[in-house]
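Each of the next two complexes has subunit A plus one other chain: subunit B in the first, subunit C in the second.
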Partner chain A sequence: MNQAAACVSATALCKAFEDKKARTQVDALKSIELNIPTGSLTALVGPDGAGKTTLLRLMAGLMKASSGSLQVLGFDVSADPQSVQDRISYMPQRFGLYEDLSVQENLDLYADLHGVPQAERQERYQRLLHMTDLARFTDRLAGKLSGGMKQKLGLACTLVRSPELLLLDEPTVGVDPLSRRELWEIIQQLIDDEQLSVIVSTSYLDEASRCDRVYVLHGGEMLAQGTPDQLRCEADDCAFLAVPAEGKPPRELQARLLDAQEQIVDAVPQGGGVRFVTQRDVDRSALEALLDGAHCQPLESDLEDGFMVLLRRRLGPVEANPEAFEGDGDGRNDEVVIEVRDLVRKFGDFTAVASTSFDVRRGEIFGLLGPNGAGKTTTFRMLCGLLPSSSGSLQVAGVNLRTASASARKRIGYVSQKFSLYANLTVLENLRFFGGAYGLRGRALKQRIGAMLDQFDLRGQEKTPSGQLPGGFKQRLAMAAGLIHEPEILFLDEPTSGADPLARRAFWRRITALAEGGTTIVITTHFMEEAEYCDRILIQDAGKRLAIGTPQQVRELVDEQGGNLSMEDTFIGIVERNRQPEKGAA
Partner chain B sequence: MTQIQNQTQIQSRFLTRLLSLIRKETRQLLRDRSNLLIGIGLPIILIFIFGYGVSLDVRNIRLALVLDDRSPAATNFVSGLTLSRYFNPVHADSVTAAEQMMQAGTVEGFVHLSSNFARELSAGQAQVQLVVSGTDATRAGSIVNYFSEQVAQWSGKAADRQGVSSPPGPRVEVVDRLWFNVANTSSWFLVPGLIVLIMTLVGTFLTAMVMAREWERGTLEALFVTPVRPTEVLLAKVTPYFFVGMLGLGLCIIAARVLFDVPIVGAPLMVVIGSTLYMLVALGIGLLISAVTRNQFLASQIALLASFLPALMLSGFVFDIRNLPLAVQVICYALPATYFMELIRTLFLAGDFWPLIIKDCLILAAYAAVLLGLARFVTRKSLD
Partner chain C sequence: MTTSLIAFIYRVINLCNKEMLAVLKDPANRVILIVPPLLQSLLFGYAANFDLTDVPYVVLDQSSTESSRTLLDRVDGTGVFHRVATLHSSAEIERFIGNGEALIALHFPSDFEERLSSGDTAPLQLIVDGRNSATGNSAVGYVRSIVAGFNQCLNPETAVSVEVEARSWFNPNLETRWIIMPAMIAGLSMIQTMMLSALSVAREREQGTFDQLLVTPHTPFEILISKAIPPIIIGLVQSTLVLVVTRYWFHIPMSGSVGTLYAGLLMFTIASVGVGLSISALSANMHQAMLYTFVLIMPLMLLSGLATPVANMPDLLQTLTYANPLRFAIHLVRAVYLEGAQLGDVWRDMVPLMLIAIVTLPLAAWLFRHRLI
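On to the complex of A and B.
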């Protein structure tokens, strides 16, 4: 009952939003109880729409609670938001940098607004610029920085003074693993030096496991709270690693395990095998049957395992519909469908992609990985024919899409990074439009729309304008629109960016099923563990090809033994090894 | 003692924040080319269009002449028209030909002198037929007036030449003089009115975008969670645009004096004071639109429909309000632009008529206070 030591405490906190058109109320937060002690690092985790952002905004005094009370730093936020705002720093998800101001001007602005005395500034700036590695760019306009650098500048602007409480809303979303690690080093350093109280929302559970305390939100309710260790224990003795017999792809085993929801809570590919979490009362013989002779060993559970156990317990079995995808059996063969030779793309003096070559075979899942600004998106756009190459050759389904006829383009599907469907058309209208654009009509169109609605669980939402769909639905609709004409090759640009673990599992279940059916998939992603789903991956940095091969082959480039290294460490190892000589020279 | 210290400390923080925000707004304004284009480029274009391109004067009237009479008297009558700077006559062979020319739109009317013109004239009772295209009623009216004037002048001169004295009896002569626009040129009338348009454009159109842009880009969310107060944000938004608007005023005044020789009869100081008040009104409307819509596209559309177009059409810029239907007049007199239009024209062309100047200034001041107050009321540090 130490009230003085609590920096944030909430009792029966509720927040409802009114949907004026539908005349309904959406409960974003339902009766939240919180008591966050001063000087601690706290994580808010939960799937999309769990209420993380709303909770942070309430703490920052940007919204008023519908009922209940919320005390921040001893102030009642709803009664006196300004007193709270004078004392805290807050970094929203979309941090509002002024893109037409330079790095230095952005810093100055926030220093002035927070009333940082001139005398303290120089020392503070130097430290922040050093930590964020932005010292070389102080004169550059913020709009001309790469995504990761913008995020770091946003954090620096938030930290121009030492706040009593720091609120960070998904500070690492859309940021590559290298920048993500750097951001966390900055946060950690400040916590160590200045004993800050920090509350951070995140969809990365490895970030949450660094924190002192974790609050798990779901659908506006507090599902669980505790130290990462306490939450991890939810899955104690239930985590295993299974390595399938020689010659059998782990993806098959993973899909089989994930579908067996009676026995299995979660299954993801990891290091050539499958990491899975069983239900606590699992039937041993049923498990043996599922494993089908794969070698199995127990693992220590981690926070993600615990989180998945909590979510499954809450949600019950999830409707998945992978059968809808199973194509005409084994669609894979060695036919090369994408051939890239010495591809180069220059923008003025800047080489975005330098002499890159690779092949993709039918039915393969091919991953393009790299830090922000590595040339992934440029490569991607050239493959789709959206951007001409400066030199080199590329063939997609036997043609160069840049110059190919419309009928050749029908053989590919494309789902872009941003949601690019018509927000004021309904789900059905969007599908009809995209089907029509690919030349489908009449009965064929109707039948394909029906199939897409089934496959992507969009039934019941046909009449909803797509702009009003929840995040996960939007992503599924975008996929449905990209697949309506049954393309042979599907391009996906960061489709899981910002999605929570549950949505990502469901997404990859669909992707693997598609690949089984013979569709070739080319995908970019920031989530390194997702590279494990790919048959082969290509790692790029600064436009150059650094590594290509199966996840296992790439892993072995960094570590001879290879087995236990996570994909993220592998990636960071490869990128850093390549950057090393460059830094030495500079 | 400490209270005074606190007071000054709070003031100095307020100033630091305000100055910092103003610096930021000014930088953003200067770095965005489209702002400068609307703030400075567009006023210059408008000055040239309305100064040189648009003219409400009736000149160069194209008339067809159908002369069935070739007598010296008829030729003499026609030469008067040919020499006038208002008429550009052409000859037509017959009434039918003239009618065809009118239908083709090559002439705006025709004059028909019948074959017995000279005979009738010597009898003292000649008739001339004038047919004018009535598609533009205002212009048609002017043409009839000009023509009658021309005929009256000619017959006066003809009578003098023949030594015939004017008919006996009392005679009333109209001695007309145009006040306030001695030269009767429309640029005198339009260029001061342009000040209203340009200030509306800069004040409302540009500021309507600035708050909405911050809402859209999500920059306000970070800005709100600082010690900054909404008043400071609004003041900082308004300040640079106020000066851009005043720059537009300066451009108009220079153009009026240098290019179009428009006099400024009234007190120049009152021009500046009146413009300042109207600028605040325009900024208030812009901020209000911006704060309510939170969306740049919508804000720009509303700003155009609710401020610029009414200022162009309904403020009396071109069309006289008193000639409009009552319902439209009510709208006109609800627009602050109407009062500023009246004020600025009075000051430029008529001089210091104080009752009107004070009335208009008070109305504008009231609008400014209400609109800026509303903008402040609507802008809250809240995302709800």
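On to the complex of A and C.
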């Protein structure tokens, strides 16, 4: 490749962070070699802590490399960061929108900061507002926008001037599939119209597969690089779809396959069956035994399959701890534990939840799905007794938690959307506090804390302040705190948001084991493929109930043949079908 | 009943423990809680206290004799006092002190020498500008020591000969520090207890931990108690720091009993924590809580009688002070500390404090779950 045409090139690039207290050194990036051509769309993928953000921040000249060289747009970043920064735009994971300013004021502010000439602004604004579909909301405060709209505004603010290179750090975390699709359309349009180079880090592999080139990072090392097609080939001839016999939930098969790491690289539920990737040297007879008569057909591998093969090869067998969950519960039965009838919640004249009804049965995994601002979290908060309903009735474990005595809350566990444990308390102190809050003490408390540390792989981190834990650990600690009192019903609000594919697999393995033990689980998620793990799902949009049923039933609402339409397409189909008449009328 | 009581106590201890850890684990917090009250109490103690380096003074010597001149020589000889003018009528004193040209005026009466030689006590009138009370106070002390030395030389056998009659203009009571420091015992700790409690719920709301707390079986009452106890303890510790500084650094003698003082301080701290927690439960985030507290603390200080007596305020403001816990606390602490008041004497201050706590604490508990979002 011609050196002049490269927009980013790195040689032996290293970055180490020193922990002064522990006198240790963490290598965030180890000898990275990169050569990204101008005008291309490039993805950085990898699990949490792989070094994606560090690499982007180095490119943006926000920190200095420990050693090695990094050229961006022909400039040496460490020697001349200002020249680089004048030519690039960088959107960090949490973009700094001013929530008390309106959409227009935010745009003006960033235009001022970047010194965009007044004459160019109007045209630029119009184009950005049109692209992001925010033109209708210019007077709205940024803080009052939905998560997806905030991200779009963040992108618009990043793009108030035309950069030569755009760096995006996980732009779609916490964004629903519809908004995600829209964001990517904007990015694509920019590349087509302005010959922009874009480097994006993401934990969604379907996003990475839209890119020209993918770099797979792991633990600071470059694991692999290539076109999505090249990486996909890692799993060629190893991807299959198995459909279990009638009446058996696919997630049992999925769990069995995932646990058999000798034979199987990866297994996820998909379209009523289980998509799995075998090891190259799989033992056919062992595989037959695992499948237990399920109908099996080969599939074309995708980027995620390839990524999992690469990671597993690197990591070796991962210890899962599902046995620990096998509770004494008798599993599922038809007893209704959550009953919601005509639930309504209004904030002023805005209806957040409109007349919603559903039941959840014991031992079920019940998924609440919907775009940003659909009313999922509001429904959740009402169920947990954190918010009163405007009208309608709801019962959780036989009572309304808003009005029931405090002790009734012992029966539920709650893990909120963002990490919400005490950041300066250690892991152990947090567990001790939440155990104590649920009336555990003495030996019982000690025993439960021990069990939680084991089940959620938190050993060795007991003394770490929870705020300093890496992302995956935080999520596991939040789960541990929510489960320390062995609740009958567990509420999980977007627990996998921002988690990498590996962490999500491990998370769902734990959830399915819990459900087998008889715990009822109500969960919201943005990852549509995760709906496949649920027994039943409810799709909400603009506060209304659009669909409810098993994933298969919901799929058939969109596609009568009941084929293997992906959950994401199903979801978008349902939401768009519902929005259509509205738009027509407007 | 007993088992549920024990369970209740365990839960409250568990919560308190968490609150204490949350406050004390933050190294910045630890410093903030100890250093400012110490620094501020020293600052307040000294702030009004200038070094005696240059004291302008005037003389009205109506006796104009050997003894008065000797005494004046001694005053001039210190190098600290410098004479601005030698006056001829008492009306001039008013002018020099009034426009601040002189800090003190020495007035020798015409019968000064006569009285001295007859073995009588001769009065030396000393007029001080009370508006600059701390410096004035020191100047008076200095003059007194000069006169004492003069007396010693003049007549070693009899102790009394020249007697200083100090009169302060504009501020008859020169003991600023005696007035300020006991008030600080209540005032300084209020700033931080209120801030600490105002941040406590707001911090949890902002970080999302409050929802997590509300879904546990803790009742609002338990949460309230455990949110209140740590700032109360911290507030009392801070009061103690200021008390120690007042008593042992500035040597201001304490007349009342420690028990009575702490009973009053406890009631006051509970009331200010109640105000702080109500602010906290109303705020959506720490930023709001901080703003509300700042906006509130200023008038609380002004309307407390700390700097200016409540009786001098306009009627409307006087009425407002009835809602101010600090007004009662300052009155109470001064009464106990300086006048030696007993518990029975200060009930008029205790009852309003109790009323403020009875209104604000349940309000805070109710707001935990009912704040409009």
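Criterion: the second predicted complex is superposed on the first by the 577 of 586 C-alpha atoms of A that agree within 3 Å, B and C clash if a C-alpha of one lies under 4 Å from a C-alpha of the other, contacts with A are read in each partner's own complex, and residues count from 1 in each chain.
One rule holds in what follows: contacts are C-beta pairs under 8 Å (C-beta built on N, C-alpha and C of every residue); 3 or more make two chains touch, one makes a residue touch a chain.
All values reported here derive from a predicted model rather than from experimental measurement.
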Contacts for A:S416 in the overlay, against subunit B (first) and subunit C (second): which applies, first, second, both or neither?
second
Contacts for A:Y438 in the overlay, against subunit B (first) and subunit C (second): which applies, first, second, both or neither?
second
Of the partners subunit B and subunit C, which touch A:R284 in the superposed model: first, second, both, neither?
neither
Subunit B to subunit A touching residues, read off their complex
13, 16-17, 19-21, 23-24, 27-28, 31-32, 214, 217-229, 381-384
Which subunit C residues qualify as touching subunit A in the complex?
7, 10-11, 14-15, 17-18, 21-22, 25-26, 207-209, 211-219, 373
Interfacial residue positions of subunit A with respect to subunit B in the complex
57, 60-64, 81-82, 85-86, 88-92, 94-101, 105, 108-110, 112-115, 154, 157-158, 167
Which subunit A residues qualify as touching subunit C in the complex?
347, 381, 384-387, 401, 406-410, 412, 414, 416-425, 429, 433-434, 436-439, 441, 465, 481
